[in-house]
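Quick one: the structure is below, questions incoming.
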Amino acid sequence: MHIEILTDVFQPWQWLEQYESARRDVMAGQFGATSVFIGTMRDFNEGDDVSVMHLEHYPGMTEKYLQKIAEEAEERWDIQDSVILHRVGDVRPADAIVLVAVWSAHRADAFDASRYLMEELKSRAPFWKKESLLEGDERWVEKNTPDPGAERLIGTNK
Amino acid sequence: MHIEILTDVFQPWQWLEQYESARRDVMAGQFGATSVFIGTMRDFNEGDDVSVMHLEHYPGMTEKYLQKIAEEAEERWDIQDSVILHRVGDVRPADAIVLVAVWSAHRADAFDASRYLMEELKSRAPFWKKESLLEGDERWVEKNTPDPGAERLIGTNK
Amino acid sequence: MTIAIKFFASLRETVGQAENSLNSSSIMTVDDAWREATNSMDMPANMLIAVNMEYVERGARVKDGDEVAFFPPVTGG
Amino acid sequence: MTIAIKFFASLRETVGQAENSLNSSSIMTVDDAWREATNSMDMPANMLIAVNMEYVERGARVKDGDEVAFFPPVTGG
């Protein structure tokens, strides 16, 4: 399990390649399924052009909740490894914001666990986004919308 | 949409990085969610050590069905791009067998569509696996087990 | 009329042939093509069939120039 | 007794402070801490509260040395 808050731009695919390489001795040949989700900054939101997003968090509580969520997933599904990376600070369009990855023997566990991690992260991990619009205004993103497809996965570990 | 049958080993993360780089001009800032699934060869199956897997397919029909499945996903979900890569020939433990990727504005579409692609690929695309065991025996893999979590996604496009 | 026949994977090994070309005016359905090509072997219960690379049932009609493929459950991914 | 208070994101801007330290023997609950720290502002309906980095409800008890955080709905991911 690897949880990390990143203050700088990261390249999801490079990061995954390096992580898997570093774990090759223990992981290679053991897992059959990898499910990865990446959340990326778009250059528009609610009809407006967004130039920068400022990502704030609650240091300490963020790590604690990401850890908690990842442990819940490991208890509930048959998982070999999981990763949660999340950016804070200033994020620009096309930058990765979040990366979730799950390695498992079987695809159902990998798909379910990664979706669970994303849903719980979005509803419980203390991060907040403020958008700077191209016209110069700033505004807080008010809330995350739930993923209806994740409903059957959540609610038991609250 | 990109569908490809690969006869040689490929590195999923490197492949994705190159693909996204090549599409940067049209894609960057447009998508908020990327869901990727990778199926990897394990060095064991049903209690036996497997040294090589021989992947056979029905040239022509494979491409046709992968294309059909990807088109179904694009009709049904709000998707910006999708990729299906699949190996044929001799595959060794820790080699990637299949890669499915979906880029979308929203996470629910990316998760659902990628899981749909995998499930339909596993039930409809004409690939077959034969395992060579470490002890020297060969055996055909008899069938794929369905993913119960994908049930709500399938059955409408058959 | 001419029908191209293909067998894949374990079925290819069971039947002992990879492909075949049938010339017979009596072939009306996939069932007929199977009997002609395999010398009337029993059809495996879970076998899949494609005509011109589209899945069909065993009673499906075939016509001159068709490609009929027989194979076991698919195991890709 | 001493209670550390934190405000995050839009709530930090609304309240006009990022953190605070309360010294008062009359603080029994999160509600009390909020009133003391904000000079009895109305609590936003959808506000989230954590005591020592664990989510709690507004009636939760607080004790000496606790860290109480108030923030709007989270928007990460």
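As written, the chain order gives the labels A, B, C and D, with residue 1 at the start of each chain.
One rule holds in what follows: contacts are C-beta pairs under 8 Å (C-beta built on N, C-alpha and C of every residue); 3 or more make two chains touch, one makes a residue touch a chain.
Everything quoted here is computed from the prediction, not taken from an experiment.
*Asks:* What's the minimum number of touch steps needed to get from chain A to chain C?
*Replies:* Minimum step count, chain A to chain C: 2.
*Asks:* Centre to centre, by mean C-alpha position, how many angstrom separate chain B and chain D?
*Replies:* Computed from C-alpha means, the inter-chain centre distance equals 48 Å.
*Asks:* Once you find the CA centre of chain A and the CA centre of chain B, what distance in Å lies between them?
*Replies:* Centres of chain A and chain B (C-alpha means) sit 22 Å apart.
*Asks:* Quick one: report the Å distance separating chain A from chain D, using the average Cα coordinate of each chain.
*Replies:* 27
*Asks:* Where the centres are mean C-alpha positions, what is the separation of chain C from chain D, in Å?
*Replies:* 72
*Asks:* Do you know which chain A residues sit against two or more other chains?
*Replies:* Each of 39, 107, 118 in chain A touches at least two other chains.
*Asks:* Among the residues of chain D, which are close enough to touch at least two other chains?
*Replies:* 77
*Asks:* What pairs of chains are touching here?
*Replies:* A-B, A-D, B-C
*Asks:* What does chain A use to touch chain B in their complex?
*Replies:* 11-14, 16-17, 20, 24, 28-44, 93-94, 105, 107-108, 110-112, 114-115, 118, 147-150
*Asks:* Which residues of chain C touch chain B once you look at their complex with the stated criterion?
*Replies:* Counting only chain C, the residues touching chain B are 6, 8-10, 46, 48, 50, 53, 55, 69, 71-77.
*Asks:* Considering only the defined contacts, which chain A positions touch chain D in the complex?
*Replies:* These residues of chain A touch chain D: 39, 55-58, 60-61, 64-65, 86, 97-98, 118, 121-130, 140-144.
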